[in-house]
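Down below are the structures I want you to see.
Same chain, two partners: subunit A is paired with subunit B first, then with subunit C.
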Partner chain A sequence: MADLLPPLMAAQVDAKTKVDEKVDYSNLPSPVPYEELHREAFMSLKADNFEGLRFDFTKALNQKFSLSHSVMMGPTEVPSQSAETIKIPTAHYEFGANYFEPKLMLIGRVMTDGRLNARLKADLTDKLIVKANAQITNEPHLSHAMFNFDYMGSDYRAQLQLGNSALIGATYIQSVTNRLSLGGEVFWAGVPRKSGIGYAARYESDKMVATAQVASTGAVVMNYVQKISEKVSLATDFMFNYFSRDVTASVGYDYILRQARVRGKIDSNGVASALLEERLSMGLNFLLSAELDHKKKDYKFGFGLTVG
Partner chain B sequence: MAAKGPLKLKFKGKTTKGSKGGSTSTSSSSSSSVSSKFEVIKDWTNWSLKKAKVATHYGLIPLIIIIGMNSDPKPHLFQLISPF
Partner chain C sequence: MAPKRIGVGGGDSSILAKIANSSIVSQGRNAACDAVYVSKKLLKSTGKAAWIAGTTLLILVVPLVIEMDREQLLNEMEFQQTSLLGTPPPAGGMPMY
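So, the complex of A and B:
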């Protein structure tokens, strides 16, 4: 019996380098949460480009509690009927308080116009996590809230979502082998009465991640990320909707350098964008963002500073 | 009653306009007590969710600050206000 254990342990340690490793099906790793399925691809391809000035100051009062002050000035888009985008310059200040503890995380942000954005994450037991996310405004009927209950099993995760205006969803993801995980989701929305079902698959190794997701709303998303080295990774993505026949393909990169991080992408809709985050000194980060939409002739540039 | 705007509340499976119309139209003597109890429960949940929304809107940030100021090491009140 003791002779059997060392070869299996050695096989698991070298699992990623050997070609034919032994898979221990009773001891698979926990899969990524369903909503983070496309996490690596979206880090390069969906970086948060912004327009205007952004200044964030985070002040830590102690290890668990911090306050944040954020100023944003710039044009914001207003939805309009005509084909041109209408931008109105706005400025706002947002005050936030964060409390982080291993078992409880509370984040609240309030803006000058009275909008509150709140997030809560609490570990009820070591397998059950409850998360809540709410946006409350002074205007009636525009607030919404979402509660998620996550259960983490040994090699699967299940989640139940409840939202206001009668939104119920459930997702489940299971590790099938060391590298492959498969999952599915179901949702039912009360106000526009519709329900949907979707499936997802994720295959990862230590050099690449490939995911695919199909939903009954007609959306198909497939992406592939290759980690070329510690500093460079490239990603590509293909989204299409088989009801509305919209197709988008994009290619992006993510360079993590010692003092800076550059992420950029180019799209089949004629959008090229990039985001630079540079660490000027300890705790001081400088951000530059650019997004050029050649099809709609909309060019956005932003710069910002993050302290703390 | 229909313009009460129940859209933003969680338990809307029970309180959409269709079910309200349905419960008042089937008013026989035996089911009227059940439907009125139902109405009372719906009104109570509407009222409590409205109050919870107002309480969260005004009270969440003060709550986080109170929890944070009582965590250890206890920060000083001056640190809350000053920019250093």
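So, the complex of A and C:
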């Protein structure tokens, strides 16, 4: 599996890291889960920019149980045949309930347009975690459910995924040294009869994380995050699809200050976006989001408030 | 005199028309037209670039600068508070942000 990966890890090793202690191969740390491989990069590069008003209110009734109310108003894009995107102003209210326990987590959300979303995460044993995710809508054939079974070994993780329209997937990731972990995934979708295979690698140190992922659907994703200080990190990302020849590169930053968090990103498609979360007082956060698409001349701005 | 004047007023063989149609002058005229065209395009594209750079900097840099200033103000006030209350500034116990 390792010889099929592009040899790009060597160029990204930070030259100033301290000399590694002798690697103890029998005691390697557990790797990050396969779906969180790009976690650091996506924190700054895939911030959730929104358009319109967003208001979230979370009220904890108990130490374990909390309710949430959320209002979202703004234009949403409707996919259309013509080149122009059509935006329709929508508004909806979402009610949710969360139950958190050390070994069990239940989350449910229901929206005014009739959608119900439920998530479950349970630690069956010390090493086996089961996760389930279901979404039920009014429209026929749009509901779906997915079950994941994660097994965590001493220095590896394996996951099995089952979806409702005959979707089966499996991922496996293994720590090779203290810093390098390699993984692969395989999936088979029943409805469009497709199967795919992919590989991933992740190299991390105290100050940087570099990951790469290749999939047989033609997508190649590589990203690099450098942690400049406790507060600041910079990330860059390169995605290309070797079938459709789409290339995108982006650079972003993430500043975590005591009273605010600013995330900004600029893209090779001519998109610049920023998200600012400011803590007005205890439990009260003010959000401002902006996204400028210079190529399509599409500008989106949003503001929101999060309580609790 | 009169025929000469009539000759100056019209006809291809007059001196001014000859000068105006000579190759050097026509080349100069073409070059001037090109220069005007290029400079118009340059002005337009500079304007476009300035707009794109300006708006992008406005959303990427300005909030960051504002927040960093606030953080610095907060640090200064905290430092003042600690020095006012008489406690020595923390050396390594409290994480200095």
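To be clear about the criterion, the second predicted complex is superposed on the first by the 289 of 308 C-alpha atoms of A that agree within 3 Å, B and C clash if a C-alpha of one lies under 4 Å from a C-alpha of the other, contacts with A are read in each partner's own complex, and residues count from 1 in each chain.
Everything that follows uses one rule, which is that a residue touches a chain if its C-beta (ideal position, glycine included) is under 8 Å from a C-beta of that chain, and two chains touch if they have at least 3 such contacts.
Please read these numbers as outputs of a predicted model, since none were measured by experiment.
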item	value
Subunit A as common anchor, with subunit B and subunit C clashing or fitting	fit
Touching partner for A:G108 - first (subunit B), second (subunit C), both, neither	first
First (subunit B), second (subunit C), both or neither touched by A:H294	second
Which superposed partner A:I266 touches (first subunit B, second subunit C, both, neither)	second
Contact breadth on subunit A, by residue count: subunit C or subunit B	B
Contacts of A:M282 with subunit B and subunit C, given as first, second, both or neither	neither
Touched partner set for A:R258, first subunit B, second subunit C, both or neither	second
First (subunit B), second (subunit C), both or neither touched by A:A83	neither
Minimal inter-chain CA distance - subunit C and subunit B, angstrom	31
Contact residues common to both interfaces of subunit A (with subunit B and with subunit C)	none
Residues of subunit C that touch subunit A when the two form their complex	52, 55-56, 59-60, 63-64, 67-68, 70-71, 74, 95, 97
Partner subunit B, residues of subunit A touching it in the complex	57, 59, 61-62, 64-65, 67, 95, 97-99, 101, 106-108, 110, 114, 116, 118, 134, 136, 140-145, 162-166, 190-191
For the subunit B and subunit A complex, residues of the former touching the latter	5, 7-13, 16, 53, 56-57, 60-61, 63-65, 67-69, 71-75, 79-80, 83
Complex contacts: residues of subunit A adjacent to subunit C	230-231, 253, 255, 257-260, 262, 264, 266, 272-274, 276, 278, 288, 290, 292, 294
